[in-house]
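Have a look at the structure below before the remarks.
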Amino acid sequence: MRTTVVAGNPKPGSRTLAAATLLARELSGAAPDHVLDVVTLGAGLLEWGDETVRAAVATVAESELVVFASPTFKATYTGLLKLFLDQFATGEGLRDVTAVPLMLGAGPAHALAPDLLLKPVLVELGAITPAPGLYLLDSTYTSDTRIADYARRWGPVLRATVRQEA
Amino acid sequence: MRTTVVAGNPKPGSRTLAAATLLARELSGAAPDHVLDVVTLGAGLLEWGDETVRAAVATVAESELVVFASPTFKATYTGLLKLFLDQFATGEGLRDVTAVPLMLGAGPAHALAPDLLLKPVLVELGAITPAPGLYLLDSTYTSDTRIADYARRWGPVLRATVRQEA
Amino acid sequence: MRTTVVAGNPKPGSRTLAAATLLARELSGAAPDHVLDVVTLGAGLLEWGDETVRAAVATVAESELVVFASPTFKATYTGLLKLFLDQFATGEGLRDVTAVPLMLGAGPAHALAPDLLLKPVLVELGAITPAPGLYLLDSTYTSDTRIADYARRWGPVLRATVRQEA
Amino acid sequence: MRTTVVAGNPKPGSRTLAAATLLARELSGAAPDHVLDVVTLGAGLLEWGDETVRAAVATVAESELVVFASPTFKATYTGLLKLFLDQFATGEGLRDVTAVPLMLGAGPAHALAPDLLLKPVLVELGAITPAPGLYLLDSTYTSDTRIADYARRWGPVLRATVRQEA
């Protein structure tokens, strides 16, 4: 199963990225094949057709399971993550990709954001999204059992939707 | 595959019900096992523990694929449908049920409602929701090809998430 | 200023009703003119044109400031409240009414629901909604200062939008 | 009344910008004091503390009425606009600013996006948002009467919330 992590935190090497990587590993049983820290794509994100951005889009589109992760900024995902998602084709850009929306926040108030706000963008790109979004507290995700609990309940369903390798 | 249709239109025998039945048939290849016209449950919906309502909830919870359908009232699903959904247990009431959110409207303006508004309620009840919500025009759903197109693209994914019969 | 409270909790005399009444009093400086406990309208809510429901709709529509309150059921407002809101005319039913969305929950996870889910229904009915939705914990709203804080910050703006009495 | 237009279209001098300027003029009776084409801020948007971005934020925060405009990308506002909004302080960045969410789309399907998706971000920044979001077709906004109709119905309410000049 080709697994990719996409993290849209303006700070490189963030806890967002670390949590998404943990989740991908729990879901697939292995380290993710690709880890994309969106901020490293730089100013090419503000254009159309930048080569590095284009390659990153292709990597995501060819994956089977992708965790899309964002910190919570202004009660929703970051502009940075959306800038990257805007580079995908509507309805087709994530076709046949099983996607997991993940958001981290400092407090519990924005726990609805992954399902109400981030997931619909992934759906618009054509992704398969069988499981609920996951919202984690950035201060406790390494000590609580939420990632493992989520993987236990939703891992089988997510894996059932992954396209069969020929 | 045990398939059920739930229609939350205050008018019995509505186009909502008809469209949901068509969709269930396209997705499963057979007539739905159960068709629940929520309005027929009557005033028992306003209580907790009404026997008929309880039986309807059980029928839905034991299904494998359920189309939840509503006309668009005030830019979202009806109070009637929500009244029925309020009878399910949070996080568990639709566990292991693959759910499809379907809404019908007179015009195209509310096409985001199935994914932004109806699907999150089903997710909160624990449903598996791999496919996008479907929004149909109540005047054209019998003449356009939207139901068939949807079933072709999303049927395989929906069926892949249905629990295996032992 | 004619002020009304609408509470959509299936339990009569609920904390939802009490909190909404407190909020209305803080915002207007007086007890609300009308307090509508939606559940008391009974099975007439399931029809169109019930006399008692019709009178309740008229009372709300003729108010200047209305607090619409709901407990959180399945991560959003109740079917009961929506059933009542479905009785108003789209775009016109709350014309010239300044509306405040209020929701109560057992925990903080659904704090986005008033703005993302309840307010849009009020907007669709034509209401004026200048202030953010308010989300309260049902266990602490009498001991914390959230209602007073909200009234201090948003009271002036809400009152500025209330139609001038001739 | 100090009026500002903020347009988050990656294409400079877009129809988004033109429509927002028309709307601001209809609402205030004069040309907007400031017109901010977010894309011109360039790569400074990807950092914190860029001088030009900081000045743009201040201009918006000191305005009394601001039209926030975006084309519809992936069924919601652009990453570019959100990148700019991420630069404001939560709860305070738009304090005392009356804000109007405006979105343009190629078709009618995303008409719920201004109220369900863009307005909540402005609310989170502390803005006053008394009126519904406006959704325009990018092909007809100059020939239909939607901007004028909106200004007629909602202009008085919007102006009533604008802070009094001392």
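When the chains are written out, they are named A, B, C and D in that same order, and each has its own residue count from 1.
Definition applied: a residue touches a chain if its C-beta (ideal position, glycine included) is under 8 Å from a C-beta of that chain, and two chains touch if they have at least 3 such contacts.
The chain list, named the UniProt way, goes like this: A, B, C, D = NADPH-dependent FMN reductase-like domain-containing protein.
These numbers were taken from a predicted model, which means no experiment stands behind them.
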Report summary line: Comparing contact pairs by residue number, the option in A-D, A-C or A-B matching B-C for over half of them is A-D
Report summary line: Note: of the two pairs A-D and C-D, more contacts are counted for A-D
Query raised in the report: By CA centroid distance, what chain is farthest from chain A?
Result: C
Requested in this report: Determine the centre-to-centre distance between chain B and chain D, using the mean Cα coordinates as centres, and give it in whole Å.
Outcome: 36
Report summary line: Taking each chain's centre as the mean of its CA atoms, chain C sits from chain D at a distance in Å of 28
Report summary line: Touching two or more other chains in chain B are residues 75, 112, 116-117, 120
Query raised in the report: Contact residues on chain D for chain C in the complex?
Result: 112, 115-116, 119-120, 123, 128-132, 157, 160-161
Report task. Mind listing the chain A positions that touch chain C in their complex? Result -> 75, 107-113, 116-117, 135
Query - In the complex with chain B, residue positions of chain C that touch it - result: 10, 39, 42-43, 45-46, 48, 73-86, 88, 90, 117, 120-121, 124-125
